[in-house]
Structures are given as C-alpha cells and as structure tokens.
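Same chain, two partners: chain A is paired with chain B first, then with chain C.
Right after this comes the complex of A and B.
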C-alpha cells in the first residue's frame, strides 16, 4: 500500500474527527456539560444533508420534482435522475454542501434547545441521561421514519467535487491529487473551527463557561445565569456539531444511513476530547489524530486475527483509553491553559509568568527578572 | 386488552424493575450514574447461557443450538444463581477496582460518569469474546414453559419475575430494617460524612449495595431476554445497552436512588411501554421499537415537573390538598 495515499486518507479521516472533537470540547470541556447526545446533534447534519439533496436543491436549482425517500420509486428517480444532475456541475455539489452545513447547524441548535430544556437546571446526571435518551430516540426515529433518509438503506449523497480545486492546486485530477485537495480543505475547515473556538474561549463568554463549570454557586453569586450559560454553550457546540455532521456524511461517507449516528458515536468523540485534553482545542485535535490511528490499527489488527469477535476490538481500545486517561492523566495529553485576557497579560508582566520565548522580549531593560516563585 | 397481555406487560415491568432497582440501590449510596449497568444485565444473561451450556457440554450448544436447551423451565431454574453471582461479582469488582479508587481521589461526578462509559466498553468487548467464540452473537429468545391458569395463558418466566421481584423487595425491606449493615446503608444514603464519622465502614456497605445491585440486574437481564429476545435485532451483548434507556427512565421516574419508587415506576413503565408498542404496531402501522418514545417522554416530563420523581412527591400533602379543595367546593356550593 502506498504510504502517501494512506497518510492522506488518514489525515482526512482525522480532520473529520477533529471537527467533531472541537465541538465536543466546547460543551464538555469548557462548560462541563455531559453532552451524551452528541450523536443526535451530529445526526442533525445528516438529516440536513439528506433533506437538501432530495427535497431542497432539485426544485430550487434543477427544476426537478423533489424526491420522497419513503416511496418505492425513489431509488430509480433519485439515483437515476437527481444525482447525475447534481454531480454534473461541481458548483451544484458545493451549493448542496453549503446549504447542508448551514441547515445542519440550525437543526442541531434547535435539537439542543428541545432536548436539554427539561434538564438544563438539574444535576449533571440528569442532563446526561436526558441527552443520551435523545440520541437513542433520534437514531431509532431515523431508522423507522423513512421519509427523511429512507430507513436503514444507505442513500448516496452528492459529495462536493474536489476536481476543480485539485486542478487549480496540483494541475492534475488523479485520485491522489483529489484526496490531497480533500485533506487540505478539511484541515482548512479544522482551522476555521479552531480559530472560532479559541476566540470564543478567550472571550468573556468563554470565561463565564469555565466559571460555571468550576463553581456553579460562585457564578450564580456573581449574577451569572447558570442555566442560560449552559444552554448557550450547548447551542454553540451543537451548531458546530451539526456543521461537522454534514461534513461527516457528505465528505467522509458521501452517503447517509441512520446507523452512522448510533449513540456509541458520542462516546467515541468523547474519547478524542478526553485523551487529547479536556478544555484544550489543540489537545482535541491531537486526540483526534491519535485515536483515528489507534482505531484504524485496531480494526485492521482485529479483523486479521480471524476470530468472530475480532472486529469488536475497538471497543476495548476506546474503553481502555478512557479508563487509563481518567486514572493516569485526568487532564489529557495537553492540559487546559489559563485564559488569555488583558488582565492576565498585566499580571504576567508583573509576576514574570510569560512564556519562555516572550520573557526575553518583555523583560528587556528591566534588570532582574522575577520568575514568580516565592523566594524565602 | 386481554388479561394475558396485561400479565405480560406487568411481568416485563417486573424484569425492568429488577434491573432498575439494582441501579437505584447503589446510586443511593455511591451517587454514580453508572452507564455500565447495562453490561451487568448482559453479563447475567451470558452467565445463564454459559451455565446451561456447561450442563449440556458435548451436545450442540454453539450458535442457535443453545436455544433448544436454554428454554426457561423448572429444571433450568438453578442457572439463575450463576447469573446473579456473575453479574453481582462483576459489579462489585467494578466498584472496588474503578469507582472507589476514583472517589477516594476526589473525582467529580462527571469523571465518574465518563469512567463508567470506559468500563462499559471494556466489559462489552469481554462479552463479545465469550459470545463470539460460542457463536451466540445473534440468538432468538429460547421461550419458556407455558401454563394455563383459570383460562389465562401465563409463562414460567412471567410467574418467576413476579416472585423474584417480591422476594427482592422483601429482602431489601428486611435488610434495611433488621440488620446493622442495612441500617448503615440507609445512613450512608442520607448523610455520608455523618455516617462515616460515626464509625460505619463506608466501603463495606457500598460494596454490598453494588453486589446486590449488579446481581439484580443480571436476574432482570435473563428474564428480559426470555420475554423479548435481543431488542431491535441487535447482538445479545447489547441487551443491556438497548434497555439502558428504560432502566434510567424507571430510575428517574422513581426518583434517582429510591428503591421502592423505582420498582413502582418500572411497573408503570412496563404497562405504558407495552401498550404503546401494541398500539403503534396495530393502529399506526409503525415499528414497535418507536415505543421507546414513551419512557423518553415520561422521563422528560418527570424532569420538567417533578425532578425528584415519585419518591419526592409528598403524597400525604397532595391527598390533603385534594380533600381540602373538595371541602371548599362544597362550601362554595352551599
């Protein structure tokens, strides 16, 4: 197997996981919400993609009748007419993608409000249970209710075309160039998510979320509305999860099936955040890179064992990764960093607690450097 | 609605009550919302099947062959004991090996929740090894001996689920009132630090609760498998996971941590769930798996209006209120 092509495929898979992990980091990492309904919010992206491809884009862009996945004639009509019509023009596939990520985010934010409303004021245990139930119900509902994505049969989706990008960047349209363009695009998207998340994290909103997580009563005493802060963080995180969900089905699978959103997916994403570092966005990305590799390796190793249980080896990997992290390094590989605020900068200047590479510059002409440690 | 179906619904509810009351029992002392509880349920089932397989070693016990031997009749009842013991010991081991050390380190409730998920995956993989090497990953329900009493069709599993639930409720009542360790259990549930200050060995008491809780879950798992088979056609290892939703629904409706509240809530859920499932298939022509909407809806309403559950409602006050309004109405009428 070509090592470059393996690496490119691995990087695009890891990028999708990184998107999911950043959205999980916002509500689990900052606000301390046990968001065990992540699968439902990711499913919102899948729902949006399915609806856009079957019902919104055909009448809007192609002057065709919308397709109804619950009808028998659906597959001949959709696979025979609509899909070729959309994939004929790269622009149309990108329109499907953009409408899907926006709609997915909006649906996911709506889900977040509905599912968390009854339990947002209660203890974590209750919220976890309510959200887990939501994930299970959304999954079962998508399996049973065929008009959205046709039940348990996989429905092919028009994946956004990377041919023009590959041609512009690498002057070739070979499969490896297309894969490379895809990986580049996905990591660009990770960069956008990371920029947004870092900005939010160091804003007053982000600091309020950490305060609510660390001491609910202190936050309430300082006049913060705890339930509202939690709800807002859940909405922001779910919007990102919906966007990531649309990317997950459109680019990662280029098809949609309710079984992609089994409630186990939540715990997989949770593992990425836990291992990488709770409350640290870079950590989440590192966790995604690491666990994607472990996951793939355990699958290949497990199926090569020749036992009927070999393909379930990844349960062991995920479970052990969670347990070892909780016991050995509860803060993950990269622990959470202190917040960057103007006040913190001033404090750092006074106490000399800057990063090592800035200390030289900031302390120039000040004589003795106070390292911040208390001397006797 | 036939009497047979009513009996079935109540028996289903009793099996759910066995599983959910186990969760309640240790939640009341340890305050861990344990997502690995579903694994104890499946562990009980696997122990039952393995015990029967050992008894018939040499016959065709792999694959669907086990269904022929594992039919629930009087001569197979002994296999419930290994189911109870294995599930209970796994539960005890997970408490002693994972949750207790974490609690001693001052882990937050969130960390305990997440640890329980890691435990769930590890246990699930171990069960896949057993089920996979015996070729039991998909099985049908082996069924149970059927009796006709006064024209009502009742199976042995249904009778036994009532009997076991009554036994368990009685046992816990005796334990919590007559023995020292049971009284300590209640003491720790209501005020852990005061209980420890008065010399109660917290670990021993909690370990007992976890052992009993896991064991009850295992018993409930065997009965639930006899009633429904693998839910939704999933592997039998996921029996507990697919029922986890209903277990938590019952525990929350009963008031998380209240043993008797949970039992009553599970019986109510049993009737509501099975009625809805029948209704959905007969009248709405949709899959009965969507009946899980009922426990979900009940849980959400509970959390919204009375988060303390059935146990948190002041029934005497409620009855008095109704009585007083009636008196007021009479006064107004005069």
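Right after this comes the complex of A and C.
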C-alpha cells in the first residue's frame, strides 16, 4: 500500500470525523447535554441525500419521474437512468450535494426540536435516555420503512465530482489527484465548521451555555432560560450533524444504508471529543485525527494478521485510547479554553493587567491593549 | 396602570409540602420598599424552602406571592429575575469553568450577545459587553473580590463564594434581593463590611432586602424588622429589639 494514498484517504476520513466531533462538542461539550441521539441527527443528512437524489432532483432538474425506493423497479430505473443522468454533469452532482447538506441540516434541527421536547425541561439523564431512544427509533424506522432509502439494500448516491477541482488545482484528473482534491475540500469544510463554532462559543451565548452546564440552578436564578438555552444548542449542533451526515453519505460512502446510523455511531463520535478535549473545538479535531489514524492503522494491521478476529482489533485499540485519556489527561488532549470576549480588553484596561491565561492571546494581534505595565 | 404599593413583596398564606412534610405551612409576610428585613429560625424551619418558593424554584401548594404589584406565583425563576427579584443560595452555586469576573459579568440582564444569532455578529453586542464589564468590575470592587477576580470560581474560599453570590445578584439589576445566609463562612470583619454594604445599597440605590441569617448579633444591628419562622410558620415578628426580648424566640432557639 502506497503511503501517499494511505495518507490522503486517512485525511479524508479524519475530516469527516472532525465535522461530527465539532457538532458533538457544541451540545455535549459546551452545553453539557448528553446527546446520546447524535446518530439520529447524522441520519437526517442521509435521509436528506436519499430524498434529494430520488425525489427532488429528478423531477426538478432532469425532467424525470421521481424514483420510489420501495418499488421493485427502483434499481433498474434509479441506477439505470437517474444516476447516470446526474453524474453526467459534475455541476448536477454539486447541486445534489448542496441541497442535501442544507436539507440534512434542516431535518436534523427539526428532529432536535421533536426528540428533545418531552425531556428538555427535565434533568439531563432523562434527556439522554430520550435522545438515545430517538436514535434507536430512527435507525429501526429507516430499516423497515423502505420508501426513504430502500430499507437495508444500500442505495448508491451521486457523489459530488472532484474532477473539476483536481484539474484546476493539480492539472491532473488521476485518481490520486482527485483524492487529494477531495481531502482538501473536506478540510475546507472543517475550517468552516471550526470558524463558526469558535465564533459562536466566544460570545455571551457561549458563556451562557457554560453557566447552564456548570450549574443550571444558578443559571436560572440569574435569568437564564435553561430549557431554551439547551434547545438552542441542540438545534445548532444538530444542524451541523445533519450537514455532516450528508457529507458522510455523499462523499465518504457514496451510498446510504440505515446501518450507517446505528446508535453506536453516537459513542464513536463521543470518543473523538472525549479523547480530543471536551469543550475545545481544536481538541475535537485532534481527537478525530488521532482516532481515525488508530482506526485505519489497526484495521489494516488487524486484517493483515490473518486471524478471524483481526478486523476487530481496532475496538481494543480505541478502548485503550479512551482508558489512557481518562488516566493521563482526564480533560482530553486539549482542555477547554476560557470564553474570549471584549470584556477582557476592558478588564486589562481598568486593572492594568491581564489574567495569566489570556496574556498570550491578547498580546497577539487585535486585542492590543496598552496596559501601562511591562510584561512580567 | 400597575398599582405600586409600599410593600414590594407580599407573601400571602403560602404553603409548600414535600409529601407529608409541611416545609412551609401558611406563611404570610410583607417587605416594605427600601427596607432590610430579617428572616430567622432554627435549622429546618423552612426558610430556604420559602426562598425557593418565592424565587420560582418551587410552585407553592397554596397561596399567592406578589412582587412590585405583580402576581408572580408560579412564574419560572428567570422571569422573576427579570422583574428584579434576585435570590442567592445558602450553599454557594458558582459556575466552575468561569472566572470570578465572568461569574459576575454573565449575570447581567438583557445581554444581546446571548441571542444565538446576534452572538455571531460581534458588532451587535461588543459595546454592551464592554459597558457591562465595567459594571462587573464595580461590583467586584464593592464586594471586595478584586484580589481574586481572575481566579476560577471553585478556587476561591467559601466566604468569597458567598460574596460572589451577592455580587452576581447586584449585577443582575436587582430591585430586591433575597439573601440566604450571606455571612455564613465569612469572617466577622468581612461580615460587618458586607452588612455595611447592604445598608449603603439600601440608602443610595433604594434596594430592598430580605435576609436569612443565623448570626443574629450582626443581623440585628442592620435590619428594620424581623420575622421568626418555626416548623414552617411565622411564630413571631417585630423590630429586632422586640424580637430579641420575645420569650417565644428564646424557647425556639434553646428548646428546638
């Protein structure tokens, strides 16, 4: 196996995991909501992609009848007519992609409202159980209700075409150039998620979520609407999970199957955040990079052993990674950072000093504050 | 037109039960605007439960609570806060991942940047945030927390946490504060300073206080009026010097 192609595939996988991890970090990390239903919100992206490819794009853009995955004739019609028609034009594959990520986000946000409704006012444990059950229901529903993605048959999806990007960037459309373009695109998306998450977090809103997480009674006594804050964080995190879910099926798998969204996906994503650092966006990305590496490496090594259990080696390795994290760095590789707002500039001006944990951040770049004090 | 009465808080025959326990069993009391009223009574007499009921954490089984001319019975805590009635906790509840400064700052009312969408547009909240930061520093200085204001909240002493509770309530633009044992764990010198501060807030800003406190020798020097609770009921009331002489109060405190 060629090291470059290993690296490129690995980076693509890690990027998809990073998207999922950032979403988990918003509701679990900042707001302290044990979102055990993450798999259902990711599934929303899969549902969106399936609906867009079978029912939205064919009549709207291709002047073709929509396809119904529960019909016997589905595969001949969808695989034989619709898919070739979409993939004939790279632009159309991107239109499918863009509609799918938006719709995935919206469906996931809707799921968040519905699934959390019964328990958002109760204690966290009830919310965790309600969300876990929701993930189980969505998964089983998709398996038995065939009109959405055809049950467990695995439906092929039109992946967005990276040929034009590869041609523009590398003047080549070789498979490795295409893979590299894909990895770059995915990391660009991680950048967008990261930018959004950092901005949302370093604001009074981010501070309020921490108050609700740290002590909900004090938060309520000091004017925070706890149920609403929880719901809002669940909605934004789920929107991102829906977007990431559409990316997951369209780019990572190029297909969709309810079993991609089994409830244990939630705990895989949770692992990325626990190892990387709860409450730290960069930490979540590092967790994704590390776990993806362990996953790929132990899978390749495990299957090369020739034992029947070799392909399960990665479960042991990841279990070990969680244990080591808990014992060595209980807050994860990168612990949570303080919330940064202009209030700290005022603090520095009035007090003539900066707190030690912000000194570095404020001295760099924009937050130049004349403190009238020599650096110690 | 809202009727503004002289009594800013009226508790009318309030009951709160836990199963068979009648923690608050028909309490009525009135707190005049701009006064400092004490609420005393032995442990387990229902003072904290009464505070929890007034501040919206519990719904009363029976009775009515009026604040500033409005019926607030059954309103959720964050709505009661918005009306200007703010409580502190007997066992301090601080936000552990935030500094003392942020604990105070984050308690401010009507922060634009707490709106999920506006939070993304820095310009909509940055100037308000700066204004509030100055105010937070003022209350930190007022409560004497300046030396520890960049510490994370769990790193300060128990007494400082009690002061932090008060600073947060002041930051919330309170008209009236319900203080649950504000001087517990605070050393006597600091405790007198704290009560001196309370008196200044009353005279300079017209704030109203209802204070639960076990250290009667300090409390009685500052309050206008005292209610005595025992087994969920008000058993005595009056000016501090009257209550101090009241044999019923002596019986309760000595006999239990």
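FYI, the second predicted complex is superposed on the first by the 337 of 376 C-alpha atoms of A that agree within 3 Å, B and C clash if a C-alpha of one lies under 4 Å from a C-alpha of the other, contacts with A are read in each partner's own complex, and residues count from 1 in each chain.
Here is the rule we use: contacts are C-beta pairs under 8 Å (C-beta built on N, C-alpha and C of every residue); 3 or more make two chains touch, one makes a residue touch a chain.
The shown structure was predicted, so the numbers you read here are calculated from the model rather than taken from an experiment.
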Partner chain(s) touched by A:210 [first = chain B, second = chain C, both, neither]: second
Touching partner for A:270 - first (chain B), second (chain C), both, neither: first
Chain B versus chain C as contact partner of A:319, first or second or both or neither: first
First, second, both or neither for A:306, with chain B first and chain C second: neither
Which of chain B and chain C A:128 touches, first, second, both or neither: first
Chain B/chain C common contact set on chain A: none
Footprint of chain A on chain C - complex, ascending: 55-57, 76-78, 81-82, 86-89, 93-99, 101-102, 105-107, 109, 111-116, 119-120, 122, 125-126, 129-130, 132-134, 136-137, 149-150, 168-169, 172
Sites on chain B touched by chain A in the complex: 33, 35, 98, 101-102, 107, 109-111, 113-115, 117-125, 128-129, 131-133, 135, 137, 232, 244-245, 248-249, 252, 256, 286-287, 289-290, 292-293, 295-296, 299-301, 303-304, 307
Complex interface listing, chain A residues touching chain C: 196, 199-200, 203-208, 210-211, 213-215, 217-226, 232, 236, 279, 336, 338-339, 341-347, 350-351, 355-357
List of chain A residues in touch with chain B within their complex: 32, 34, 117-119, 122-126, 128-130, 132-134, 136-137, 140-141, 143-145, 267, 270, 274, 307-309, 312-313, 315-316, 318-323, 326-327, 330
